[in-house]
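As structure tokens, here come the structures.
You will see chain A twice below: alongside chain B first, and alongside chain C after that.
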Partner chain A sequence: MSELILQSLYSGLLAGGSYALIALGLALVFGTMKIINLAHGELVLLAAYIAYMAESMLKINPLLAIPLALIVVCLASVIVYFLVSKIVKDRELNSLLLTYGVGIVLTNAILLIWKSDIHSTSNEWFQQSLVLGSLYSMNSEVTFFVVSLVLIVLVWLWLSKSWYGRAVRAVASNRDAAKLMGINPRWTELISFVLSGVLATFAGVALYSYGVIQPELGSALTVKAFIITVLAGAGSIPGVLLGAVLLGVVEALTTTMFSSALQELTGMLLFLLVLFVLPNGLFGANRRRG
Partner chain B sequence: MKIKLAVWAIALTAGFGVTTAQAEEFAVGSVISLTGANARGGSGMHEGIMTAVEVFNRQQSKHKIKLVTIDDESAPAKAIAGVEQLASQNVVAITGGATSDLVGPASTAANKLGLVYITSGGTSEELISQGYKKFFRINNTSGYVHAMTGMFSDMGIKSLSIIYSTKKSTNELAVDVDKIMTAKGVKVTLHPFDPAITDFKPILNKVRLQDRPDAINMLGYENDYVGILRAAKVLKPNVKALVGVWQIANAKMAGDFPDLVPNVSGTEILPYPVAFSTAEGKLFETTFKALYHKSPDYLGEYGFVQSMALFEAIARAADKGSLKKGGLADEMRKTDRDTLIGRLQFNDKGDNPNFIQHIGQHQGGKIVIVWPKEFATGKMNFPGVPW
Partner chain C sequence: MKQYRWMYLAVAAVVLYVLVPLLLGGNLYLMSLVVASLTIGGIALAWALLGNLGGMVSFGQAAFFGVGSYVSALLTLKFGLPVLPAMLLGGVGASLASLAMLPALRLKGPYFALAILAYAQIFRILAMEFRGVTGGAGGLSGIPQLPTVFGFDLSAKVGGYLVILSIVVVFLWIYYLIRKSYYGLALKAMHESEDATRVVGVNSTLLKAMMLLVSAFMTGMVGAFNTHYINFLEPDYAFGSSWTVIPIIAAIFGGYRTIFGPLAGAVAIYMIDQLIFKNLIPNGHQIILGVLLVLMIIFCPSGLVPVLVEKFKGKTHAEA
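Take a look at the complex of A and B:
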């Protein structure tokens, strides 16, 4: 039994890393602009399909598709931002509707271009098992767990130490005051969206490398990312990792101790429980808007 | 002069009459999943249906089928709305339905509207227990169960782990396989999974450490099989066979995932490379290739068979003048012909009592039929796993 539990914890940890990578972009935009980008999952999926296209047509490692995927996904992110920026009233609600519509367009565009077949990497190294004692995983899972950690640290450092990062936090805190301080809010918000696109790109390439992709996956990814973002607390980047790992571990333990049929239910219960006990999420705090 | 004019008039009218006596056109509705979670199955079936339209219309000039397709987006509510919309467009019947979860509500709507509904995507036993007189299907769960349990018996396994999706059809399959194999003295362990899960390592680890079965039975869909086989390749449970149900023993899986499927088995009517020996089979294959520039698979075959049966029944009913008087269902029940999937008949519940699946195994990039023996095209690799 202990071997089962240990494997569950390990699988859950790795799954959490993957979830964190998917959620990070959504959390960034939500934390800085209070906008829930419901098309975020589709942006991740778009990157995954670019990786698939690169591997199947050019016979290259999916990692080498990242530069091309970055261009496409960041461009898509910029387009989403410009659409959102046109909203004049009730931005938080109307952006939900707008990005939901964008998500539908992206899903159907993916379906039109790449059809409904499922795809996954054929790269042998990524699929090879990595055995650490009695713990099993795939090379791709461990690789992208490390990538996830690195990106989280980089984003956190950027937000806390760089000028642009501080500008983003200033705009999130008080847009008008930031403007008076010489910060261009539109430019700052655009940077957030572009960075979200960068994170979605890595998440998508990771997804293609360790999982299976199909056109309708986008909305499920968005829901997962949203749950983790709320679990983490608005604006908390380290919270994203903790929330994601917590979700991954709870899901894996549920499968091991009870049944995989209850996995999604347990994830939702965890979400509700955390919100009940900590309404602002694990690391969230009340913010006063000027 | 007047007589000449009259003769010319009659000749012209007769000429017009010949050219205007064109094929009688019948609108047939198709509610199918072209998008959403079931798009793979729905698109495949749709290709077969379109091929049937092409073949039927070309084979004779008396009746013409016009297909009206609505995408149900893999959503039951939209499947119902699709049927209602097609009924308002006066279609004579409905074909389609990618899975039992969609066929159920769609066929209920069709029943309320008095429309014949035929499918190959609704294998759940619940569908024929509803008492719908106008519901027809060409395949069923018991055909798949019979094939899998037959093969397990021939293998002589003592223990079996069933990993199954909690969707309706796969859930029923699991219950039936469990009942039959347990009655044969095989130790069976069940592992249901939510269709949304992607990481199967926790389940496979339980199978590896706790169950330690002789064989694993995977009951799901393409994306599930890839996840399960990937996890199995990592954990390498000590099993002798991996057997799936639909959507696994086909050329697409062999081509897209050649590293995951060697020695994996699944239900499949025909081997690959496929070789149709009948005239209808060859016509189906050439028409399908002309339309879609690829070889047909079992989804296309099913879509073709169900639609040809429907179109022929429509033609018979139209010839008898009973089509508009509700005679189509009676003509469907009179269906008795050899098809690409064997002899096709419909009993009083609308089920095809002759349906039996075969088992195909991935061997060297091909699909070899390994069960039942009378249809086998090669020997089963047992024990045999992908690693």
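Take a look at the complex of A and C:
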């Protein structure tokens, strides 16, 4: 039993890596524009399907699809930004409805292009198991966990060190003051959407490499990403990573101990628990929600 | 204008209750579309009540719809309750389910919306997992039909139409009464500034909770109607996302801040979707609805009904 638990802790940790990528993308946009992009999960899924297309049609490694997926997903993300910035009044409420609509469009576009079948990778190396002592995983899981960590560190460095990264944080904390300091808030918002698209791309390719994809998965991904940002609390990148790992571990433990059908349920319950008991998140700054 | 109001309503009642069944009653396909669009309209109305009066965006109407469906179906199947009271209890059941969401009222804007979305998923998973009660993924079949009242068979297409029409009309009336009442005024003030409304002594959380209960009741009862109308139920259907998606688009299209907008929007959207879009793109026709939602939010966020009313009024003024 303890071996099983150890194994689920390990699997959960590995799943947490790409969960963190999805959540970070969502959190970046939420930070700069104070809107939740409800189509974020669909952007991730779009990248996953492009990887699938590359593998099934061009017979190449799904990793080679990343450049194309980057272009498509970032473009889609930028389109979402332009649509959102067109909203005249009641932006908080209307942006939810608008991105919800974009999500419906993307889900159905995926359905139209790639049909409703379930897909997973046929790449042998990705599926081979990697044994670490008594712990098992697929090559792809470990690969993408490392990739996720590297990306998260890069984003963290970018946000804390580079001029644009600091501009993004400035806009997030006070848009008007940032504008007076000579920062163009529209540029920084656009940049945060592009970066969110980049993170979604890698998360999507990771998702395809070790999991199964289907058109309806998008909104579940968005909800997961949102759960993680709630667990993390506002404005904390290590918090996002820890929240993602926590969600991954809780899901893996549920699958091991109960059933995979209840996996989503425990994630939700964890989310509601944190929302009501610790509204600032587990690692967040002392700030009230709303 | 005022003295004509009753005349308008009487004409509308005659058209809806007499002319529509007489003209369309023979065409079963068209009639089933009308019934389905009114079902969507009922949910759209409940969604708009929550959004307009309560200021809350709900992505979880499917949860209320599903709970209402299951409560009514199980009460009639397992306890032999007559269909009509069971439908009412279906609404009550959905209200009770919404009690579990009350803590979410502390949250605002996106947090509330996403919490409700999470609740909807939880209810769907629960319905799937508690096989002993709900029949699990296999579903329930042989759910009792709508009864025959005073020699009038409500389970036929025209009968079903009259039932859902009456439900929706009563909901419209309730919505109107709430909006006109003291609560409506307080809710309107809350929309402007919740803090200021609290200061003058309005219990805003209680009011929002009441709106949530009413909205859940309406959606649950519509779900219960639908169950006895189609006589079959499974979790993926009853808790399906289309019970959330189409009503939202319908309400936005018609104008969710008006009373008739959501209903008019539902009939228009559902008819166009089924008669045109579904034929153009059999699989994935919701893509057009998604595009429509995006366009409406950008170009006409208050919906078409207010715009049309404005135009109509402008014309009559010009003539006078």
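Everything that follows uses one rule, which is that the second predicted complex is superposed on the first by the 278 of 290 C-alpha atoms of A that agree within 3 Å, B and C clash if a C-alpha of one lies under 4 Å from a C-alpha of the other, contacts with A are read in each partner's own complex, and residues count from 1 in each chain.
Here is the rule we go by: contacts are C-beta pairs under 8 Å (C-beta built on N, C-alpha and C of every residue); 3 or more make two chains touch, one makes a residue touch a chain.
If you're wondering where the values come from, they're calculated on a predicted model, not measured in any experiment.
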Combined model on chain A: chain C and chain B, fit or clash: clash
Touching partner for A:Q214 - first (chain B), second (chain C), both, neither: first
First, second, both or neither for A:M57, with chain B first and chain C second: neither
Contacts of A:L272 with chain B and chain C, given as first, second, both or neither: second
Partner chain in contact with A:S120 - chain B first, chain C second, else both or neither: first
Touching partner for A:A261 - first (chain B), second (chain C), both, neither: both
Touched partner set for A:L132, first chain B, second chain C, both or neither: neither
Which of chain B and chain C A:N108 touches, first, second, both or neither: both
Region of chain B that runs into chain C when the structures are aligned on their shared chain, from 99-107, 225-233 or 261-269: 99-107
Intersection of chain A interface sets (partners chain B, chain C): 107-108, 111, 115-116, 220, 261-262, 264-265
List of chain C residues in touch with chain A within their complex: 57, 59, 103-104, 106-111, 113-115, 117-119, 121-122, 125-126, 128-129, 241, 245, 248-249, 252, 281, 283-287, 289-294, 297-298, 301
Chain A to chain B touching residues, read off their complex: 3-4, 7-8, 11, 15, 107-108, 111, 115-120, 122, 124, 127, 129, 136-138, 211-212, 214-216, 220, 251-252, 255-256, 259-265
For the chain B and chain A complex, residues of the former touching the latter: 34-37, 39-40, 42-43, 74, 166, 191-194, 196-199, 201-203, 205-206, 209-210, 222-223, 226-227, 230, 233-236, 252, 256-259
Chain A residues within the chain C interface of the complex: 30, 35-36, 83, 86-90, 92-94, 96-98, 100-105, 107-109, 111-112, 115-116, 219-220, 223, 226-227, 230, 261-262, 264-265, 268-269, 271-272, 275-276, 279, 289-290
